[in-house]
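After this come two complexes, each holding subunit A, first together with subunit B and then together with subunit C.
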Partner chain A sequence: MIDGQYLLRRIGYSGAAFFVCVSITFFILHLMPGDYITNYLLSLSNTLPKEVVAQFYQQYGLDRPPWEQYLIYIYNILQGQWGYSYQYGLPVFPLIMEKLTWSLVILLPAVLFGIIIGIVLGAWSGWRSGGKKDLALFNFMIVFRAIPEFWWAIMAVWVFAFSLQWFPLGGFSSISVLDSGLDPWDVLYHAILPICLMTSFVATGNYYVMRNSMIAVIGEDYITTARAKGLDEHAVLWNHALKNALLPMVTMTTFQVAGIIMGNVFIETVFSWPGIGLLTTEALTMRDLPLLEGIFLLDALMTIGAMLVADILVSYLDPRIRMGGQ
Partner chain B sequence: MTRNILLRVSVAILFLYFAVALLAPFIAPYGATAIVGAPLQPPDSEHLLGTNNVGQDIFSQLVYGSQVTLIFGFCSALLSVSISTCAGIVLGYYGGSVDEVVCRVLDVLMPIPIFPLLIVLTTFFNPGVVQVSIVMGVLGSIHGIRLIRAPALSLAETPFIEGAKSIGASDLRIMSRHILPNLMPIVTVKFVTASQHFLVMGVGLSFIGLWDTMTVDWGSMIQNAYSGGALSLGLWWWILPPGLAVVGISLALALAGYSLEESFNPRLEVNRI
Partner chain C sequence: MEQKPDLKRNRIIIYACLCIIGIAAICVAAWGTGSGTAAGSVTKTPSTTEVIIPEDSSSSITYSSNMQKGGTPPGVYQGLVIKDLNGTFDPALAESWDISADAKVWTFHLVKDASWSDGVPFTCADVKFTNDYMKANNLTLAYVLHDVETVDCPDDNTAVVTLKTSYSGFLDQISRQPGITISPQHIWQNITDPQHYEDNQFIGTGPFVFDQDTAGYVRLLRNDAYYGKKAQVTGVVLKVITNPDSQVLALKNGEVDVVSDITPAVAESLKGEKNIAMYTINDTGAYEVAFNLGQYPSNITAFRKAMSHAVNRDLISSLFGTGRPTETTFLVPSLAGSYVNPADVGMYNYNLTEAREILKSAGFTWDNEGTLLSPDGKAVTLTIPMNTLSSDSNIQKIVSVLKNDWGTLGIKVSTVAYEDKKQYRKAVGANAVFIDSFPVTLHDDADALSDFAVTPLQETNYYNYNNARYNALLDSIHNTADQQAILRMAYQLQDILAEDIPTVPICTSDTIVAYRSDRFTGWDLGPGYYTVTDPRVLTNLTPVQ
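After this line comes the complex of A and B, so read on.
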């Protein structure tokens, strides 16, 4: 159960952590070598007109001292004003939301299916730990996870898109989008391969934690007690083992859901999917500071929020854990 | 396959990779960036794995690339594990207010998303693999400190530590001779898994092009081949070698990690058979 006062302190603490996070990222980003206007002008020609650079600095307030920029930034954030992207000239927040929607198309189903599949397989494997089938599945998962994500993605593109030609090579839509507008089925057809890949990555991660948790739980005394009472295996599994083994999954899955916000830069690169991961790398190479700050702000918000939510959820679900009290 | 054989096989594979990286100048027939033939030649006796789109020898690039990738993976893992081990032991042993303060600071640092931050920090140290691995090691150690601190805390309360104190052993001696050896299993496993993690992450960073594009390593080789259309042209010798090299060492490290974990953790072993 949750002690009200402790909860308040915990929320205040999360707020402080968020503030520190935002401040650190602000200074790191502003100290980053190189800036947008220099990179951009040098990509157009070899000359660098001083007046243009000076005007750009003045327009975006980059000529002021860092602490002043920082105060203005914090003031704007508190007003809900996230600034304007250098390269797009658009407000940062709607821009991030648009790219995020594309990431969600892949990540939302992938994380949901991944969590379910991972938990089911992990529970099954842990319940039968030591058996031949468990070992086979476990070893398969080790091998699957050891191979980098982008390599799986490249191999999937090679096999399913080039050789078998079941799926498109990448992108989010066919060229017909120019004539007939965006067709949800067409987008789904483009998204199936990345969704399947992401699902397997999420599922393997959850499989391990669930299997280990299940193994730890079936070694506990209360499982022996349940069996000694004469309960059948079915009841032991569903009423005693599974419920307890699921507890560590609460924290893990909360973080996975929050992590959606960062996209997956490897999958997005390989499939040329216009998501938030690609936006981040693009903003980095272009030195688009307001956009980067916006992305980091959202990341920090989601991660810190997830920590808080996970703590509260776990203490509700497990009466043995009391937040705050000893 | 039993655990022991698996462990030996993976260690043998790791030694092979190290040997290649160390002896790169003797093994590689050409320089990593030297243009030594016609572009896109299929493998033959002159170019063991063919050439890429500008006529560089892929086998030589593969051999030299192992240096960058291995240095990066192992340096950052070594640094991160050393920092978290030292900090974890000191915090766990002394406890008290320092422990309290550091844990609060860690709590604040933990939610900072590491991966994007790492990408930003790599821009500060553009050409240096070693500098980037230092940044990666320091950032990566944040999560490890707690992992080491918890068992160190409970070890500090055990009778044999009390015994060592009572015969007048210094704090430094207790930490290095009594606490550290007892933590070695955790530290070793952590080091192996961290190496795998960092190595793959390094190749990944280089693959998405956030590394200095001039260094030749497996990630940039895959990136070149992938964006250069190796798949659509069916040029398997261009894209497969660097990818399989990463897969090989990553698998070896992962299997070594699991085998070590099992041999150190009797409970897991019981459950396996």
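After this line comes the complex of A and C, so read on.
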């Protein structure tokens, strides 16, 4: 159960945490060595006149002291102004939203399927822990997880896209988009392979947590009691063990869903998927501060929101947990 | 009582099964649709007259404003001239030009029948507007026009550019990448915030017109109203493929027509592939061992001279797998041509014994362990800063060869990695030796020798080199349009460099290009055409019948 006053207080704390996150992010980003102006101008010429360089710093507001830049940044955020990307020259918020949408196309189904598959396989494996099937599945998961994501991605492209030609090599649409416009079926066709891969990665992580949680639960007294009452194994598994073993998963899965905001750099690079992961990498390389600040701002918002949701969900799922009140 | 949970459980299982079957059905349908039509059109039957080129990043294709960041996409915008091989210039929007004797006034005779892709005629007013507007709005590339005092238009087809000070390298300045492209006055004069303006029309004068930017593709169509040599391909499609390996697979599959800048190892693996041919664009990159004359021991001329004989450029070049050793003082012969002073070629020969002798005569000694000691008895150690963000693995190869050779001379060489360009530049200023890579366009004419000068506009240089005679000679080069005089003075500058040795050129590198020989011919135009998206390359392509 969650107390109303506690919930209000919790929301207030979340707001404060968000403000602290935004402030820390701002200063960390500004403390990073290098800046956009240097990176960009050095790519043009080694010997630019000093006054020209100074003019660029002034133009981007980087000649002001950090505290002044910070105050302007906070003021703009409160006004709903996320600024303009140095690199793209476009407003940050629509740019992030566009890329985030494309990330969601592959990551949302991948995370959802990964959570479901991970929970089901983990619960089954934990329930039968020590058996031959459990050990086989457990070892398979270890091997799968031990090999880096990008290697699997490259191999998937090689086998399924290049050799078998079942799927496209990358991108999110075929060249026919230039004549006939964006076709949702075509986008889905391009998304299947990255979704399958991402699902596998997410499922393995969830599998471990769920398996361990289930192993811990099956030793509990209430499981013995349920069995003693004469319930069949399926009823014990589904109605008693699984429900309790799911509790640690709630926090983990809410973070996974919040983590979607950062995209997946490996998958997006290998499959040329124009998502938020690639955008973040590009922005970091170029030191595109307004864009980075925007991405981290949204990430902070999502993570803090997810923590709040996790708290509420856990108190709802487990009546023993009482938040707030006496 | 036991029935209830069972029913509930079964219902959940049925719903889950239905969901999975539904999702599987959608995927199968998408797979069928994709493999049967849309993707099939990419892999099996690409347009026979539209060339498809991969791009590493969508941000490299289009920017919010061409005036802010340079003339992208390729072939749409044009400058007054376009740089050609051997330090000369091809006409573009200027069909010819005259220079005043003091290289201060440049008169450009503009092409008469050029028009913007929306049909508005191109005139001198556009040239004047581009200069005035870029400066008035502090656009990024306005620095290139820093030396321009005024642009006047005596008539529609003549642009007179007056510089603040004489500058014979002006053409090089406005045409060197990214250069200055002319923008249409009738479009931009109404735009009050060009730094944040999203250009989605890309109205240009070039051989291609912008069609659309959709879902990871940018399509350019042939400009049938183009005043110059018209393209034979109907269009160019730039396709975003971020992974270099996937670009090569796409070439093999026939999804793209060309892949540039492949490694020698990939080139080797493509040999014998059906319908894939390759060519090499020679000398697109170059490398040097540079000395910071403000730091010990590089401030000792004899030390630099000794080191100039301790660079095994043949071995380094062979490790690269492409390119060739550079035996000049600075300029790259294949592009600088007659600007290279033949008297200074080959003077930095690799000879460790000679290097040792020079060090010995300058007062350097060796201790019992073979460590080189400076004339004041200190052990000579060098730290070479490395920029880890650079994906150029060739610099690692250079450093490993130098470590070995300089180690035999008793010099302990270490490296420090920097992830950021600013920090790296700071380290370059604080250390005696650094390795530099650069595009050869910076080493292709007399103007390139200004890298070593100190001028009122350039208070210092990369090498902390400051030679009054050198500076005066370079100033004289800037003040004359007489090519013979420029050549003579360029030779003298190279003689000074050979004497002072602020840098030791090592070798060049090439760009390897692989293309579908069953789709288009005409890619290889020889040295000087650095990219496959050069408009002169694109207009030279012919579809294979």
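One rule holds in what follows: the second predicted complex is superposed on the first by the 316 of 326 C-alpha atoms of A that agree within 3 Å, B and C clash if a C-alpha of one lies under 4 Å from a C-alpha of the other, contacts with A are read in each partner's own complex, and residues count from 1 in each chain.
Assume contacts are C-beta pairs under 8 Å (C-beta built on N, C-alpha and C of every residue); 3 or more make two chains touch, one makes a residue touch a chain.
This structure is a prediction, so every number in the text was calculated from the model and none was measured.
Peer 1: Just subunit B (first), just subunit C (second), both, or neither: which does A:Asp299 touch?
Peer 2: In the superposition, A:Asp299 contacts subunit B only.
Peer 1: Mind working out whether A:Leu284 is in touch with subunit B, subunit C, both or neither, as first, second, both or neither?
Peer 2: Once the two structures are laid over each other on A, A:Leu284 reaches subunit B alone.
Peer 1: May I ask you to decide whether A:Phe93 touches subunit B, subunit C, both, or neither, giving the answer as first, second, both or neither?
Peer 2: Neither subunit B nor subunit C is touched by A:Phe93.
Peer 1: In the overlay, answer first, second, both or neither for which of subunit B and subunit C A:Asp35 touches.
Peer 2: second
Peer 1: Classify the contacts of A:Leu188 with the two partner chains as first (subunit B alone), second (subunit C alone), both, or neither.
Peer 2: Touch status of A:Leu188: second partner only.
Peer 1: Classify the contacts of A:Val270 with the two partner chains as first (subunit B alone), second (subunit C alone), both, or neither.
Peer 2: Touch partners of A:Val270: subunit B and subunit C.
Peer 1: Answer with first, second, both or neither: which of subunit B and subunit C does A:Val177 touch in the superposed model?
Peer 2: The answer is second: A:Val177 touches subunit C but not subunit B.
Peer 1: Of the two partners subunit B and subunit C, which one touches more residues belonging to subunit A?
Peer 2: With both complexes superposed on chain A, more residues of subunit A are touched by C.
Peer 1: Quick one: classify A:Phe162 as touching subunit B (first), subunit C (second), both or neither.
Peer 2: In the superposed model, A:Phe162 contacts both subunit B and subunit C.
Peer 1: Just subunit B (first), just subunit C (second), both, or neither: which does A:Pro148 touch?
Peer 2: first
Peer 1: If you lay the two complexes on top of each other, which residues of subunit A touch subunit B in one and subunit C in the other?
Peer 2: In subunit A, residues 32-34, 154, 157-158, 162, 169, 269-270, 285 are touched by subunit B and also by subunit C.
Peer 1: Contact residues on subunit C for subunit A in the complex?
Peer 2: My answer: residues 2, 5-6, 9, 16, 23, 26-27, 29-31, 33-35, 37-39, 41-43, 46, 52, 57-59, 63-65, 68-69, 138, 140, 143, 146, 178, 195-198, 211-212, 214-217, 219, 237, 239-243, 245-246, 249-250, 252-253, 255, 389, 418-423, 425, 450-451, 457-459, 461-462.
Peer 1: For the complex, give me every residue of subunit A touching subunit B.
Peer 2: That would be residues 13, 16-18, 20-21, 24-25, 28-29, 31-34, 129-130, 135, 142-143, 145-151, 154-155, 157-158, 162, 169, 215, 219, 262, 265-266, 269-270, 280-281, 284-285, 292, 295-296, 299-300, 303-304, 307 of subunit A.
Peer 1: Going by the contact rule set out above, which residues of subunit B touch subunit A in the complex?
Peer 2: It comes out as residues 107-108, 110-113, 115-117, 119-121, 123-124, 126, 196, 200, 203-204, 207-210, 222, 226, 231-232, 239, 243, 246-247, 250-251, 253-255, 258, 267-268, 271-273.
Peer 1: If we count contacts the way the header does, which residues on subunit A are in touch with subunit C in the complex?
Peer 2: Its residues touching subunit C are 32-35, 38-40, 42, 44-50, 52, 55-56, 59, 84, 87-91, 109, 113, 116, 154, 157-158, 161-162, 165-178, 181-183, 185-186, 188-190, 192, 231, 234-235, 238-239, 268-272, 274, 278, 282, 285, 287.
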